[in-house]
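Here is the structure we will look at, set down as structure tokens.
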Amino acid sequence: MSNLLIAPMIIPIMTAIILVFLRDNVRMQRVISLITMGVIILISGFLLVEVKNNGIMRLDFSGWLPPFGILFVGDAFALLLVLVASIVTAACLIYAFSTIGEAHEKMFFYSFVLLLVAGVNGSFLTGDIFNLFVCFEVMLLASYVLVALGGGKRQLRESLKYVLINVVASWMFLVALAYLYGAVGTLNMAHISMRVAEAGQDPVLTTISLVFLIVFSLKAGLLLFFWLPGSYSVPPTSVAALFAALLTKVGMYALIRTFTLMFPNQPDITHTIIGVMAVITLLAGMAGAMGGRDVKTIATYNVIIGVGFIMIGLAIGNEQALMGAVYYLMHDMVAKALLFLCIGMMVYLTGETIVKNMSGLIRNYPLFGWLYFLGLCALVGIPPLSGFIGKVLIGQGAIAGGDYILLIVGFLSSIAVLYSLLRIFLASFFGETIIVMEDEVPIRKGMMGSLVLLAACVIFLGLGANYIMPFVEAAAAVLVDPSIYIDAVMPQGNE
Amino acid sequence: MAQFILNLFIALLWTLLKDEDYFKVTTFISGYLIGVVILYVMHRFYGTRFYLRRLWCIIALVWLFIRELLSSSIAVMRQIVTPKLNIKPGIFTYETRLEGDWEVTALALLLTLTPGSVVMELSEDSKVFYIHAMDIEETKEQIIRSIGKFEHAIMEVTR
Amino acid sequence: MSVSEMIEWMAVIMILVASIVAVLSAIGMIRLPDVYTRSHAATKSATLSVLMCLMGAFIHFWLTDGYISIRLLLGIMFVFITAPVAGHLICRAAYRSRVPLADESEEDELKTILFADEVEHLERDEVERARNANA
Amino acid sequence: MKETILLLAVALFFVAIALSVYRIVKGPSMPDRAIALDTIAVNLISSIAIVSVLLSTKAFLDAILILGILSFIGTISFSKYIERGVLIERKRND
Amino acid sequence: MESVMVILVGVLVAVATYLILSRNIIRVILGTAILSHAVHLLILTMGSLKQGNVPLLSDSEGPYTDALPQALILTAIVISFAVTAFVLVLAFRTYGTNKTDDLQELRGNADE
Amino acid sequence: MIIKLAVLLPFLMAALIPLVHKHIKREHIGWFVLAVPIVLFIIISSFIPKIADGNTYIHTLEWIPSLGINFTTYLDGLSMIFGLLITGVGSLVILYSNFYLSAKELLHHFYCYLLLFMGAMLGVVFSDNVLVLYTFWELTSVSSFLLIAFWHHRKASRAGARKAMVITVSGGVAMLVGFLMLYAITGTFSIRELVAQVDTIQQHDLFIPALICILLGAFTKSAQFPFHIWLPDAMEAPTPVSAYLHSATMVKAGIYLVARMTPIFGGAETWFWTITVVGVITLFWGSFNAVRQNDLKALLAYSTISQLGLIMSLLGVGSIALAFEFDEAATPIFTLAGFTALFHLINHSTFKGALFMMVGIVDHEVGTRDLRRLGGLLPFMPLTFSIALIGSFAMAGLPPFNGFLSKEMFFTAMLSLQEANVFSIGSMATWIPVVAWLASVFTFVYCMIIIFKTFFGTYHPERLDKEAHEPPFGMLISPFILVALVVLIFFFPNVLVHYILTPAMASVYPTLPLQEITPYVSWWHGFNLELFMTLGVIVLGIILYKTKRYWSYVYTFIQPRNSFNALYEWVITTTEDGSQRLTNKYMNGYLVHYFTYIYIIFVGIIGGYFVLSGAFRFDPSNDATVETFELMVVCIVAIAAVALLFSKSRLTSVFLNGVIGYGVAFFFIVFRAPDLALTQLVVESVTTALFLVSFKYLPDIKPEIASAAQKWRNGIIAVSVGSLVTFIGLTIINYEKFEPISRYFEDSYELAGGKNIVNAILGDFRAFDTMLEVVVLFIAGLGVYTLIKLRNRKEASDVEDK
Amino acid sequence: MKINDVILRTVVKGVVFIILTLGMYLFFAGHNAPGGGFIGGLVLASAVVLLYLAYDIETIQKTMPFDFKKVAAVGVLLATGTALGSVLFDVPFLSHTDGYFDLPLLGETHLTTVTIFEAGVALTVVGVVVTIILSINEEGGE
């Protein structure tokens, strides 16, 4: 039963390998990869319900009891993210079917996507800090390949920067791990939490937590987002969407875990720093989005805004804010994927990236235009779409915690999002039609299908909040009270 | 090769004849040694050389190798510690009698380990050696002399 | 002093000598004038030193633990076979990549064979230049 | 006493390595550096042997053999690189 | 010894940082390589040094030195190898298409 | 329940239109749509008697009960007024637009948006839950955006739509914050429950912030100064939209909110001052600016702004009533202001709706709304003229039209400030009525302009696109119904008071006795100050109208570049340009800079805390011993590393890297890690080989061209990073609070059947790491292969690569 | 003059067997001594690389006709498959089993799934290292 926890990671890995043998059978590759994602969605959904009903689930690999072995811990937070990540990936895959091209498909494209998903899911599920590093690397390596695959001048150039920064970040992660092991002598996250609490999170441990903060911030794009705009604007649309939806989220997940589970005891220091970083991130993201002249730039800076906003939730750190962060995290995955697919589709249809060079798309492609508009509204946080509830919860948390600066900057960012995305809508979708009917590039069914799937998620995450809230509450409960997690992982108590 | 297999067969036979409860390595080895003796006595019947003689030749070659290595090292070392270097390096050619990859290779290896000489090139037909000598005036003759010795020792093994 | 202890000491001394040889050959690598002569120091003396050292270690383990290390023997054999090949290859590479011989070098029978075209070229160039100068 | 001598020997080997590092830095040609690296590997083999004796463990004896293999492969690679600019040829060159 | 090692790690990290801050791709990659060396040493140093025997039950009696960091480093070495291989290839492919290895020239501009 | 359906019906219909529009003739859509507001109007009207009897209706549908966010509809007097307005004016507007819009337009879009808006607006007024209210509130902004941008091929439409959306949504966001603050105080989102906890709210620290946030929402939506700037630009929308959204309904959502919140915030000083002052300024500024407009619609827009300010200021004055305990004499003086606000709200909807439709007719029939081109239309369009006349006179406050009643009461309310001895009102009690009166003068002036500049003077057919004539009869129905109401209300105001206004007063002042605060409306109060004020308005208004060209130079004082519009544009462009410049400055694609930032932040945060916290400890006494040869290896590695910095060739660099790698391997040996040593040796060699192989395709390192300053900067960063890592490391060496868990693995033989502990960890205890590490390796291998094999096919990927 | 590689090739022919044997030894020794799948794989890979260095791609591919990408894939499949196999027996993922089996010819033999796992590791290493080196080498070759 608990063996099912490994499924979201092992199934994509094994499928990815099997696809290597099916290199020339592109159709088969598509079918198998989509079925795989479907299976993962089902399994993670099932696990989520199980966990909500029966509490945190744990899988000790090889049966070694914590803290000695590696383990997967399925709590509602992790499984929610696994589920959403898998859905988003499925959508991006569907989009890729009709856009990525046979050359990529024969170069193991689907294998790399599945491996990326495996890394992402593993990062969400693992309960061992070193294993988190390894899962990160699975994800990163796959992302390195995907970002550079088949690239020309610009793509390779930006990929190189992305890879180099992430490599340095990975080694910094190891520095942090070395310190952590040197100080507390264990790797199990729950056990670390116990030991850190026992030592009262003294300055040495807090210093270590700050090293982790920097490392994960690099991955999450919190303040250290310099790698992000370049690398998100070069790969093929489906990859960019996948990145926008998943990569920074894993970093944020790690940040949230680190500062709610392992190092929650010095919020005056750690959470204040996170708050300051989040505010600067938001301001920078707003500046980038407002000042952007081409659609990809605007979209990537919106990713940064999303990061800042979610991290505000962590910085505030109370139950509502964390619930909001969890909710917003899910929303951001779906909505950012939708946004990036839309942006990519615009570029595909017009061959342009500069906002003012496109016009009147909505006449040619009405459904597409409205889906973009829907995504826009969701990202702004207009109710009853997905962004609203997370925003409300974070706002409530900020007010309850008295963090008004975070509140103001966070809510201001919605306006920047609105402004920047509305500009695209007005300039590119509205206005005189530039594409005559004969020149219309047809939108393939798969492309539209993926957009519709994501749009449906956006709507469901908003209107169907009632179905999701219990899971989010369960997730936040663990984040607020790490002892729930610890009790589930270390039932035999201390040492 | 045939001799070696025969030797193994004798050893196996010996082991079986002993009819012990379980297989013992020591019994096998003793059987093998007995086989060696039998074969040495009988090898002229087959009209070939005793197969372990080749082993002996190899040992002799290795010994030659080590000796040359020692003397060459000492020679080079002497040059190094001499306060003022006074050497005239250069490259010269040598045409060998040896044939086949293994022979040529063995010679090249030995030559390279000889005092002050390194094989730099081999002609396309693997006949002509181009040898770099550390001090061409003093050692060229000496090198050519030891090449002869090596060629002989190698042919002892291979032919 | 027992025999085994004497052999043990022999091993230690062997190692010490090996280290001295290593230092000397390293000095050679510094002092000698060109890459070819330096390769003499490396391929011969360094090989000798490593062989002695490994023998020393082999003897040590044999005597103290009664352990015959096949790995050490294999290692010795391996170095024995490969070191000269390495020297040969490097020298050849150096020569073919036009690393010059030391100024002191006397004869070079390889040059005309290996770089025959080039030698001709040089000569032809000179003739050409002379003709141009005349015209 | 024996230990002191062994320690001295290791130290000497590292003197040799240090000198080789000097050669690497100094060059002047690439083959010089390749030879120096090879020498370092060989001296490292020796020092591993001595350290094994010092620690009286057989755990590192594999390292000796491996280092030998690697330095061989390395030297082949360097020389091929220096000589031909390509490590592995597509077709037989003869 | 631990202090000495930590200082060495610091030196390596400083060197790596300086290299990473340079304009040439190869130097940056070398910087990451050195950084990975430094990190591996750091992990080893953080599990205390020389406080036990080689962690082989067949070779020696306990107490053994801390084996866990060794296992972690092993994994890390493999990963850094994989990453370095990939980065190198990416670097020369980038050079091949962009015709420059200077990060200053690899900035890119908006008009492309 | 039925109200909920009422809210949802327009949405259902809106959703239906895109599905069925292909099956209906375009020009017929409007007629189908018209059924919706009519049916709704009838439904809501059917509640009038019951509401008038003091009943209220509430129904809840759960949305997110765990967060207290539920779709609760609440029908009371206040929501009733708005419900009737929305559906009533909605019916007339849809009827009107059936004639106004040509069948060539995208009618299905138009009616879809309009229905969306109608539903959203009904949602706003019927929601009891503030977050649901907010939901619909933003939906009105969205649908208004879509309607303004209906002719989106026009640049001005898009600009106007954007401005409206940005301002109203921003205000909405502020309002949301305000609601969240209220929730933080009370723990409920229900307006009724909030009203019940008014005491708790007023004591709370968040009272003022919440108040300001909510007012920001109301002011932006109701185009109050200085947020009014979006409304004139919103006139780019088709005229029916202007009539409906931007005069009768949506802009009144802010009014609704303020009225709705009066029970909660009323009586607070800030509430009073903010609303009153902003309202009066808006009132004056709107009317003052309306006079200068040449576009009839723009004039009406400013007029709307002004009228909204008027209503707003009335609500402000009315809130005074809640500042003190009920007093039979004093309270009705102020509640009259609130009453007038509600009354004028209805009146304004009637005459302004008629005027907009009139302008639409003029525009439709002669092709322009420019006052400089219009004139002398009276002989050609007498019916249209009568609409204009009635509407304008009502707006100017002349009898016998409903505007006269409410304008009189407005003066009364403003004058009542004299009697207020709360909030240290002082001389403002005089100034506010004076400004209000002045504003009324300008109102009179622009009303005259509407009538005279359009219908009198000389007719210039050459300036018009079309020959002037009356519109089709259908277009006149709606405005005539409205002007009929204008007249009817003047004559029978108290029917309205009884059935509509009184219940609404109960909503605004739930704590006050209803009978006492509901006045009897009559058009004659004797020769009081208010009457003289009205007469003054007329006299001065006529003078100003006649002498306009002599004093209109005052408008040149407010150059376009000094206006709030210009400020808005300036803020937008400055933000855009500044943002772009800032972003391009640091996001310059230069990896060296990125790394510099990263390291500076790394050192700044970690180092800063590390130093400040005083965590550093250094105690080498517990260290293991150091042998000479170990120290030598340390030195060799360190020297090789430093030499690497000065290496000028890549091969040297790689060799030096190899030296470091081998040095590390040797440390692994010294520190008893055989597996590591083996691995490190092999990996180091393979890595070196990879470097070499790659070098074939890379150029040699060129000497770094860097200024001394750059080198110093990099050097300082490098040294600080290195020392930070060292100092933290030194500290942690001596941090010995916990035993590592690794003792457990020493039983590897018993536990995992292996005598090599490291291997047992890798193969069993932590086999999962190993498994994934293999995956990583595999990805890298496959990745290298694909990276090399898959070349950029120029033609195919150009699009994506841009 | 063409390069004559006879010395190199001859020596490699002999030496490669030492390396292959060592690789196999290290692979199996890992359980109780230094070594294991990873190192064993690396050594085996270096033997293959050595062959490529001394000879050329065509010759080696004729004698060893493997697609090394697929070798790597098989390796990963083996490693993950062993891990997943445990799930079938309803024990935690990755659980290893070992046992003493009485096999014909070999007698009582100690078999453990760790060995299969490690074999997967080794195969992956060989496959990946060779793939990488061959790929890089072929860059620009086409």
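By letter and in written order, the chains are A, B, C, D, E, F and G; residue numbering begins at 1 in each of them.
One rule holds for everything that comes next: a contact is a pair of C-beta atoms (placed from the backbone, for glycine too) under 8 Å apart; a residue touches a chain by one contact, two chains touch by 3 or more.
Chain labels with UniProt names: A = Na+/H+ antiporter subunit D; B = Cation:proton antiporter; C = Na+/H+ antiporter subunit G; D = Na(+)/H(+) antiporter subunit F; E = Na(+)/H(+) antiporter subunit C; F = Na+/H+ antiporter subunit A; G = Na(+)/H(+) antiporter subunit B.
As the structure is a prediction and not an experimental result, all values here were calculated from the model.
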From subunit A (Na+/H+ antiporter subunit D), the most remote chain by mean C-alpha position: B
Between E-G and E-F, the pair with more C-beta contacts: E-F
Most distant chain from subunit D by Cα centroid: F
Separation of mean Cα positions, subunit G and subunit D [Å, integer]: 25
Rounded Å distance between subunit A (Na+/H+ antiporter subunit D) and subunit D, as computed from the means of their C-alpha atoms: 47
Distance between the centres, which are taken as Cα means, of subunit F (Na+/H+ antiporter subunit A) and subunit D, whole angstrom: 70
Between subunit A (Na+/H+ antiporter subunit D) and subunit E, centroid-to-centroid distance (C-alpha), Å: 27
Per-residue overlap in subunit D, given as positions that touch at least 2 other chains: 10, 13, 15, 17, 30, 34, 36, 55, 57-60, 62-63, 65-66, 69-73, 76-78, 80, 83, 86-87, 94
Residues of subunit C (Na+/H+ antiporter subunit G) touching at least two other chains: 25, 27, 39, 47, 74, 78, 81-83, 85, 88-89, 91-92, 96, 113-114
Overlap residues in subunit A (Na+/H+ antiporter subunit D), where contacts from two or more other chains coincide: 13, 17, 20, 61-62, 130, 134, 137, 141, 144-145, 148, 151-154, 160-161, 164, 168, 175, 178-179, 181-182, 187, 230, 293
Interchain pairs in contact, sorted by label: A-E, A-F, A-G, B-C, B-G, C-D, C-G, D-E, D-F, D-G, E-F, E-G, F-G
Touching residues on subunit D, where the partner in the complex is subunit F (Na+/H+ antiporter subunit A): 7, 10-11, 13-15, 17-18, 21, 24-25, 27, 30, 33-34, 36-37, 40-41, 44, 47-48, 51, 55, 57, 59-60, 62-63, 66-67, 70-71, 73-74, 77-78, 81, 85-87
Contact footprint of subunit C (Na+/H+ antiporter subunit G) on subunit G as seen in their complex: 1, 3, 7-8, 11, 14-15, 18, 22
Touch list for subunit E against partner subunit G, complex: 56-59, 74, 78, 82, 85, 88-89, 92-93, 96
Residues of subunit F (Na+/H+ antiporter subunit A) touching subunit A (Na+/H+ antiporter subunit D) in the complex: 62-67, 69, 131, 134-135, 138-139, 142, 149, 152-153, 155, 158, 161-162, 165-166, 169-170, 173-174, 176-177, 180-181, 183-184, 206, 209, 575-584, 587, 589, 591, 593-595, 597-598, 601-602, 605-606, 609-610, 613-615, 725, 728-729, 731-733, 735, 737-742, 744-745, 764-769, 772-773, 775-776, 778-780, 782-783, 786-787, 789-794, 796-802
Subunit D-touching residues of subunit F (Na+/H+ antiporter subunit A), taken from the complex the two chains share: 627-629, 632-633, 635-636, 639-640, 643, 647, 649, 651-652, 655-656, 658-659, 662, 665-666, 669-670, 672, 674, 677-678, 681-682, 685, 688-689, 692-693, 695-696
